[in-house]
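Shared between the two complexes below is subunit A, which has subunit B as its partner in the first and subunit C in the second.
Showing the complex of A and B:
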C-alpha cells in the first residue's frame, strides 16, 4: 500500500463530500435560527413580536436595509482580507485593530488635513487612502514580526488590536489629539464631526437610504480579489507558500514577500473598512466604534472557506443579523446577546458539520 | 498464481498459516487473498516492490491491522490479534522499519521499558541482555546510551527487545534498509541463529542478495497478491525477480538490476548519445564548505570537491553524516558557516533558490514531500513551480499553456497521472519523483544537477527511469552530484565516489564493484 494513494483517495472523497456545502450552510443557519426562536420563547418574549421586530430591523425600512448593508461592507472587507492572508496559511485576527487605526487615520486627515477645499472627490479619497495606509502599516508590523522573529501572527495581530483599541481611546480622550475642544465638563470624549466634503457620497443621495459608495468599491475589491487569487500567478504562489513554504522557497517563491504582501493587504482592507465606517456612517470618531466588527469580519472569512463569494454571503448574513438583533432588543426586549448566541451557533454548527464530513471520508 | 515450484511436502505443522487473507484501505486493495505458511525454524523472506503489500502483511500478523477476510492460525489455534499487545502475548515479535527507542536512555533501560512494572533490578536485566547477545553472537553494551550507538547497534537493541521475550515468530520489516554493508551480513547471521533456535523468522525485503544469503523459503508479493513461492530461492533468483517486477530481467536497466543485487557488477555505464548541440559546459567547484549547526556541532567539515561537466560524482555515507547539510547549502536552503561553491566562474554560495534556478542548478531534494513538491497543488503547477513566470501575461496565469507544457513533459518523462490537473498527492511515489526530476532536469541551461536520495521508496521500473534521466542530463554536459545511502546505486550510476563520515570526506575512489568493501569501511569511519 502506498500512503500517497490512500491520501489521494481520501482528499478526493473529502472534496466530494464537501461539495454540497451550500446546503449544509443553509441548514446550519436555519437550525441556529430555530434554536434562537426556542430561546426567545424561553425568555418569555412573544415569538411573533420578536420576529416582527427582527424583520422590521433588517428589511422593514429602506433605512434598515441600508444600515445592514453598510455593516456588511465592513464585515466583507475584513473577511476578504482574512481569506487572502489565509491562502498563505496565515490567520489574521487583527481586523478589529486595523479598523480602529483606519478610522483614526481617516478622521485625523478629514479633520486636520485641509481636505475641505480640495476639488471634487479628493476630499474624501485622501482620508480613505490614509485609512488604507494606516491599516496596511498595522498589518505589516505583524508581517515583519513574523519574518524577522517568527512571531505567530495570531498572537501579534491580536495584541496589535489591543494597542489600536487603546490608541483609539487615547485619541478621543486627549484634546491634544482628536478630542473635540473641551467647552465644558460635559464635552463628550469624541472627535468633531468631519467636514461635509469628506463624507462619502450616498448612492441615492438620499438620507433615508444611506448606502454609501463603499458598496460598489467593495464589490469591485471582491471581484479583483477573487480574480487575483484564482487566475494569477501571484494567487498560485500564495497558495504554494500556504501549503508548503519550504517547497515553495526551493522553487524560488519568497516566503517573506508573500507573508508581507498578504498581511499588508489584509491590514489595508481592514483600514479601508474603518475609513468607510467613519466617513460613510458615523462621521464622529468615538471610543469603541470598531467594537465587534473585526471579529465578525474574521468569522465571515473563516466560514467562507477561502471563497470570496462565500465571504460576501456570510458578511450579508451577519450584517442583517446584527441589525435585526439591535431592533429586537429595542422593540421586543430581546437581549442582543441572543443574536451573538445565534451567530455562534451558526459557526459551531458549520464547523462541526465540516468536521464530521471530513471524518466520514 | 505462477508458482515457481510446487511447495515441497512438509512433515511438520506450519507455525503460522494465513488463509485467503484480504485487507482493504478505502478503495485500495492492499492485500488480496493471500495464503502463506511459516514453518518453525525457517527464515522466510517476503519479497516485493514498494506497495506490493509486504508491510500490510506484517502489520496483519502483528495485530496492527485486522484482516477484512480470511483466517490466520498460529501454533494450530485460530489467531486473531486485535493489537500488537495480543501478538506479543501470543509469542510474535516485530522489528519495525523505524525504531522506537528513547535516545537519552541506556540500552538496558530501553529494553526494560514496557516489559516490567514496579521495582526493577537493572543489573540483572543487564546480565540477561549480555547473555542473550552472547548467545546470538554479537556484542552489545547494556549501559551505553542510545545516542552514542550507530544505526546498526540501535537496530540490535530493537532486536534484543524482541528476543528477550523469547518469541516463536520474529518479524523484521525491511531491516537492512538503514544498514552498512557489513552490518547487513551480521544481521543476517543473527537471523540464522534465531531460526536455528527453533523460532521462525519472517524477513521483509526487496533486495535479492539477502535472499540468496539467508532465506530458506521465499514468498513473492505483487500488487497485494502472492505471485510466487520458492523452496530453493538461491537457485531461482531470476524467476523470483520476474515474478516480483512482472517483466524480464533483461529488459531491466542494468544499474537497477545491480541495485537489487541480481547482476553482479558490470553495470552498464554507457552514456546515451550526446546531443549535437551541448550547452556551455561548466565545472562545479566546491571549496571548503563547512556547516556548524545551532548547537555548535560541525555537521559538514571542509568539504572540497570538483565535478567536471558530464561527470557524475556520488556521495556515499550512512545517513546523517552531513549529506543533508551539503544538499541544503548547495540548493540555497541554508547558509554555510564557511566555504564557497562555484559554477564555472560564478560563485553561487549565497544565491537564493530563484537565482540558483536561473544560473542552471537543478535540485532533486532528499525529502520529496516537504521540499520537492506541494502535494495539494496540481501536477502541472508542481512541474513548473519554479518557472511559473514563463506562463504569465500581465500577472495572469496562462493555464491552458501550462497544462499543455505539463502534458508534454509528462509524456517525455513517463509521469503517469490521470491528467495534469490532478493533485500531486494522487501520484505514486515513483511518478512524483519523475515529475520532480522532470522539472529540475528541463531547466533552461542546466549545468549542475544535485540529486539527493533520488530513488528512495521507488519501485524497480521507476528506479531505472530515474537513472536514465540522470544519465541523460549528464550526457548533455551537466555536472551531477548524486547523494545516496545505497552504495549499490552509487557504484552503478556514478563515475567516482566520495565517502562522508561525520561531515568529513573519508576518501575518494572510483565507482567499481571491487571498491565495495573499501567504501563500506570508510562509511563506518575507518580511514583507508
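Showing the complex of A and C:
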C-alpha cells in the first residue's frame, strides 16, 4: 500500500471508531460520577451540600476557576505526552516522576542560576527550559532501557517515578541541596521562594484570577501535537512503529529512534508541567508537590483514546474534578479519595468497554 | 558490625522481603500463564486493608487473614475477567484497579477508623521453629518471626514443586509460551489464565496481610508504597524463574532493611537515598543487569481462539 492508501484506510477506520468511542467515554464518566454520588450518599453527607461545595470549588470564584485551569494545564501536558508515546504503542506511566524532576530543575535554576538579572522573559524561560530538559532526561532513561535491554517501559517509568519522588524529598530535606537555610530547628523542609522575576506572568496580571502563561503555551503545544500526529510523516511513522515494529523497520523507520523521540517528548512535556506548577503557582518546592498529578495526566491520556482534543477535554474535566473534590473535603467533609475512586472506575470501565467496540485484538 | 547487629539485619531483611516474596511468586505464576498482572499492588493494598479491618473488628488476626483473602478475591476476579474474557489491555486495567483500590481503601479507612486511627490492631503471633530458634544470637533475631512468614515460605516451596514437577506446571508454562498448543490439547487457555490471576490475588492478599497485621499492626493510607511494582520488577530480574524471583525479592528486602540498619551503625547516608535504594536497584535490575530478557512469549496478549 502506498502512504496515501495507508492514511486513507486509517482515517476510515478512525472515523468508524470515533463516535462509539466518544459515546462510551462520556458514558463511563457519567456512570463513574453517578457511583461517586451514591458513595457521597452512603458516607452520610448531604448530597446537595456536597454538590454545592463541589461547584463552589470549581466555578464559585474567579480564583477557583483559575486554580482549576492551572491544574488542567499540568494534566493536559502529561496527557499529550502519554498520547504521543502511545502512538508508538508505548505506555508512559512516569508522569509523576517527570513532573517532580521538572519542578526540582526549575527551582534549582530559578534560585541558584543567577536568572534574576537577565533581560525580561529569560529569567523564567531558562528555568522552564531546565525543567523540560530534566523531564526529557527522565523520559529518555526509559527509552534507552527499552532499546538496549528490552525493558518494559511501564515498569521502568513507574520505578523512575518512585526514584524521582524520593529525589524530591531528598532535595527539600537536605540543606546542601535545595532546602532553605536552617535558621531554627523549626525551619520547614522546603526551598526558598523563587525570585519575583522567575515567576510566570499571569494572563490578567491580577492575583484574583491567577491563570499563568502556561495556558497559551499548552494550547499551542496541543495544536502542534495534534497536527504532527495526524498530518505529518513523523506521526505516521510513530503509528507504523506502534502497529508493527518489524514491518516499520522494513519500511526504513527506525524503531529505536521512534522509541527515544516519543519517550523523550513525553518526559519533556511532563517536565514542563512540573516547571509550570513551580514557577506559575507554587513558587516554593515542597515534598510531594507532584503527588497525584502524574496519574491524573495519565488517566486523561487514556480517556482521550489517542485524540489530543480528547486530552484537553479530559484534562479540564479532571482539573475541575480535583478542585471540586478538594473543596468538598474542606467544606462538606467528603474525602478527596472519592475522586480517585471515580477515576479508577473510569479507567477500568473504558478498558473493559474496548471489547464491545470491536477493536483490533 | 557486630554479630548481634548482623543477625538483626538478616532478620529484618527476611521480614521486609516476605511481602515481595509472596506477591512476586503470585505474579510469577500469573505471568508464566501469560497475564501481566499490574494490579498486584492494588490487591496487596486491598489485602492489607481488609486484614486490618477484619482483625480489628473481630479481635482475631486469624479471622482477619481469612477476611483478607475473601476481600481480595473480587479484585482478582475483576482483573481476570478484564484481561481474559474482555481481552482488555492488561497494563491499563492493572493501573485502573490500582487507582480504584487506593481511592477506595483510603475512603473506607477514613470512614471506619476516622479519629480512631491510632488504635492498636491485633496482629498475627510470632513463632520460632524448634531447633533454629535456639541458635545463640541468630535464633531470636532471625527465626523469631510471624508464623505467616513460615506458612508463606512453605507455599512458595510448594509452588516451586508444582511448577517444576507437575503437569499443572507444564500447562501454566505453556499457556504463556504456546497458548495455541494448550488450546489444541483440549485445555482452556482462559481457565488456566483465570487460575493464574486468582493465584496471584491469593498470594497478594497474604502479602498485604503480612504488611498490616504481620509486620506493623496498623494500616496507613497507600501503605504498599509500590511494593507490588517491586515484586513485578523482581519477576523480571529473576528472568521468570521462581528461584531468580526469590533471590531478587531477598535482595530488595535487604536493600530496604539497610535504611534502618545503616543509621544505627553511625553511617551518614541521606535517608532519602536509602529509601530510594530498592527502587534504584530494581531499575538497574530490569535495565539490563539481568541481561537480555526472556519473557513468556505470549505475555500480555489476550488469547483469542480462531
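Assume the second predicted complex is superposed on the first by the 340 of 361 C-alpha atoms of A that agree within 3 Å, B and C clash if a C-alpha of one lies under 4 Å from a C-alpha of the other, contacts with A are read in each partner's own complex, and residues count from 1 in each chain.
Here, contacts are C-beta pairs under 8 Å (C-beta built on N, C-alpha and C of every residue); 3 or more make two chains touch, one makes a residue touch a chain.
As the structure is a prediction and not an experimental result, all values here were calculated from the model.
Student: Once chain A of both complexes is superposed, is A:150 in touch with subunit B (first), subunit C (second), both, or neither?
Tutor: second
Student: For A:250, select first, second, both or neither according to whether it touches subunit B, subunit C, the two together, or no partner.
Tutor: Only subunit B is touched by A:250; subunit C is not.
Student: Who does A:80 touch here: subunit B (first), subunit C (second), both, or neither?
Tutor: Neither: A:80 stays clear of subunit B and subunit C.
Student: Thinking of the overlay built on chain A, is A:240 touched by subunit B (first), by subunit C (second), by both, or by neither?
Tutor: first
Student: When both complexes are superposed, which of subunit B and subunit C contacts more residues belonging to subunit A?
Tutor: Result: the larger residue contact count on subunit A belongs to C.
Student: By the touch definition at the top of the document, which applies to A:259: first (subunit B), second (subunit C), both, or neither?
Tutor: It touches nothing on subunit B or subunit C.
Student: Counting only touches as set out at the top, which of subunit B and subunit C does A:232 meet: first, second, both, neither?
Tutor: first
Student: In the superposed arrangement, does A:178 touch subunit B (first), subunit C (second), both or neither?
Tutor: neither
Student: A:277 in the overlay: touching subunit B, subunit C, both, or neither? Say first, second, both or neither.
Tutor: Neither partner.
Student: For A:326 in the superposed arrangement: first (subunit B), second (subunit C), both or neither?
Tutor: In the superposition, A:326 contacts neither subunit B nor subunit C.
Student: Name, in rising order, each residue of subunit B that touches subunit A in their complex.
Tutor: Subunit B residues touching subunit A: 25-28, 30, 50-51, 53, 55-56, 224, 331-333, 352-355, 357, 363, 365, 370-377, 381, 385-386, 388-389, 391-392, 395-397, 399, 423, 425-429, 432.
Student: Please output the residues of subunit C touching subunit A within their complex, sorted ascending.
Tutor: So the residues of subunit C touching subunit A come out as 38, 78, 81-82, 86-89, 91-93, 95-104, 106-107, 110-111, 221, 226, 229, 232-233, 236, 270-273, 275-276, 279-280, 282-283, 286-288, 292-293, 302, 304.
Student: Inside the complex, what are the residues of subunit A that reach subunit B?
Tutor: Residue positions touching the partner: 1-2, 4-13, 231-237, 239-240, 243-244, 246-254.
Student: Inside the complex, what are the residues of subunit A that reach subunit C?
Tutor: Its residues touching subunit C are 39, 43, 91, 93, 145, 148-152, 154-156, 158-160, 162-163, 166-167, 169-170, 173-174, 295, 298-299, 302, 335, 337-348, 350-352, 354-355, 361.
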